[in-house]
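Presented below is the structure to which this report refers.
Per-chain residue numbering starts at 1, and chain names A, B and C are given in the order in which the chains are listed.
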Amino acid sequence: MSSEPNPQDPGDLQEPEDAALLEGPGLRASLEAILLVADEPVPVVVLAQVLERPRNEVLAELNALAASYTAEARGFDLREIAGGWRFYTREDCAPLVERFVSDAQEVRLTQAALETLAVVAYRQPVSRARVSAVRGVNCDSVMRTLVLRGLVEEAGTDPETGAILYRTTGYFLERLGLASLEDLPALAPFLPEDIEDIEDENARS
Amino acid sequence: MSSEPNPQDPGDLQEPEDAALLEGPGLRASLEAILLVADEPVPVVVLAQVLERPRNEVLAELNALAASYTAEARGFDLREIAGGWRFYTREDCAPLVERFVSDAQEVRLTQAALETLAVVAYRQPVSRARVSAVRGVNCDSVMRTLVLRGLVEEAGTDPETGAILYRTTGYFLERLGLASLEDLPALAPFLPEDIEDIEDENARS
Amino acid sequence: MSMDGALGDPGGGTESPPRASGSGASFEVHLDVFEGPFDLLLALISKHKLDITEVALSQVTDEFIAYISERSDDWDLDQVSYFLVVAATLLDLKAARLLPSGEVEDEEDLALLEARDLLFARLLQYRAYKEVAAIFAARMTAAARRFPRRVPLEPRFAQLLPEVLLGLGPAEFARLASLALAPKPPPKVSTEHIHAPVVSIKEQARVIAALLAELGRASFRQLTVNAADSYEIVASFLALLDLYRDDAVTFEQVTPLGDLYVTWTGHWDADSVNELTESDG
């Protein structure tokens, strides 16, 4: 590790000559990229594993990075919370972010979102692919909205396909005015058996 | 605008008395913070609205920010894709990010799907029959797949024939890494002019 | 099915590419990879290293027809109809080349030229989209190396989201679910789940040959007036292509998409017709 280039140096990041895997991006850029897509706090040990670097080296870099973001007064911040590292918005930007978040969301759900919610409610736990197959329309982004709005949540993965499964939440029941899922009215009884086959055929993943 | 109170006044961010509104974070930090929480491309006009700044000023800052990220060889990048701005990981970090996000692989499209997508992209809104005529092959099931994948969506019906029309989606632009349809590569310029008539003749439905 | 390419003038044939001759031979390209007739035409033309010209069309006509014939057992109707339209045009053009070349004066020749230009135009058009499709594929591969930020909101911001208004009660919600879960009506004219009933092309060839030997000349419409279904019509057309190849019939089509007239050449006798049923099957 002795000949390792300074990962903080933005100008000439090239060629870490040693075995350290990274031909292109340095440690700093690698951490930034991974943390950008991480949807929950990432423990140092995980980062060290993915990057194939010693844990203390990674930790030092994370601290340096967090300090530099603060020094540069960036709108984001790197913090260790709940045993892992994650990007957060900087405190003094919160009012703007709040405005952005509350402006961007509609009170009412779209028809597509309602239909997707209905399929999840009656087929849960169910994967996105299956819901898409049932509706004949891709529902990935609609499902994200439903999760964001707290109506639907993840419920493990399908043991066969590994696909993430979704179910409705307590908040959903509350909004519909029901005490429990058992209170959902029965579906009209005309669903033919073979719809399963159609779905299986179409469900990717 | 100058004397307008901050509608979201969070309590401790007192009266921005002058036009510059933001005592705390600057424009750059504000953009970083908002884009950090956005889970889809954010149009400049939305950013300008939330920040209460002129659109061209916001756009200039976005471009400057993107350029600085690149110059500093950061692991993330700011890009205008599908009509809005969004954080992306930098390309040379791809191998690491792929290792980190396990479900990354997008499904590859078949030749039939790619050709159908190409015709829809340049002819939208367009009916299945017309796409079939151009390709000389029926495209019903391919079109269904494209809708299921979220690359294509229905766009009303043809007023004359009643046929369902299709157009590409924002996700299509995302998949191609394009800011807008105007960035599609030019279709070879030797397309014959009178082709429209042929298609109409052949277009069933 | 024999393919000795006895289709009149083999188009000047200076080049003699590996032709499909005999039942085993096939094109260098895999048979099932073509995305329709234009794709096939482009592949054949580029195989011969030709430009998209009249000569090229004429040179690949035999192979185009041979391709259709060879696959005649597993076509579905949707696919084959497009191939047949192109095949008919190609055959017309091929036939026209046998005419003494002179000034084009009459209506028929003009119509033929129009059909040819149309075919070129569509071929070029298809090629343009195909090129763009390749660019799409490359762009998608490149774009897949960039990952967008798409993470859940920090809890402090998630709390700010306005309450959701569903705007319907349980009963309406259930109705919506029933509709959403109901199987979608299959998009019209989809035949992909239909297994084509077995229609023997040889059998159709025999029927048509017998009819024509008697009538001398008839329109395709006449010949298929008794067809039980569209599969039989398609089989009849394929059978005619076989007969044409074997020099038993000639075609005439005055206008593109107009009636196709078939004339018995008289080169065949009753025995040849009977052999049809025995040759293979």
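Going forward, contacts are C-beta pairs under 8 Å (C-beta built on N, C-alpha and C of every residue); 3 or more make two chains touch, one makes a residue touch a chain.
These numbers come from a predicted model, not from an experiment.
Graph of touching chains, which shape: line, ring, star, complete, other?
Per interface graph, the chains form a complete graph.
Name the chain with the Cα centroid closest to the overall protein Cα centroid.
B
Tally the contacting C-beta pairs at the B-C interface and at the A-C interface, and name the larger one.
When A-C is set beside B-C, the one with more contacts is B-C.
What chain is the most remote from subunit C, judged by the mean position of CA atoms in each chain?
A
Return the distance between the CA-based centres of subunit A and subunit B, expressed in whole Å.
Using C-alpha averages as centres, the distance is 20 Å.
Could you state the distance in Å from the CA-based centre of subunit B to that of subunit C?
Comparing mean C-alpha positions, subunit C is 36 Å from subunit B.
Could you give the separation in Å between the centres of subunit A and subunit C, each centre being the mean of its C-alpha atoms?
Each chain's C-alpha centroid was found; their separation is 46 Å.
Got the subunit B residues that touch at least 2 other chains?
35-40, 76, 87, 89-90, 97, 101, 144
Going by the contact rule already set, what residues in subunit C reach two or more other chains?
Residue numbers touching two or more other chains: 147-154, 157.
List the residues on subunit A that touch subunit B in their complex, please.
Listed in rising order, the residues are 10-11, 13, 22, 24-26, 28-34, 36-38, 50-51, 73-76, 87-90, 92-104, 132-133, 136-138, 140-141, 144, 148, 202, 204.
Per the contact definition, I'd like the list of subunit B residues that touch subunit C in the complex.
Subunit B residues touching subunit C: 35-40, 76-77, 79, 81, 86-91, 94, 97, 101, 104, 106, 109, 111-112, 114-115, 117-119, 121-122, 128, 132, 134-138, 140-141, 144, 174-178, 184-185, 187-188, 190-192, 194-195, 198, 201-202, 204-205.
Across the complex, what residues on subunit C touch subunit A?
Per the stated touch rule, the residues are 147-154, 156-158, 160-171, 173-184.
Which residues of subunit C touch subunit B in their complex?
Touch residues, subunit C against subunit B: 33, 35-39, 78-79, 82-83, 85-86, 118, 120-122, 124-137, 139-140, 142-154, 157, 187-190, 192, 257.
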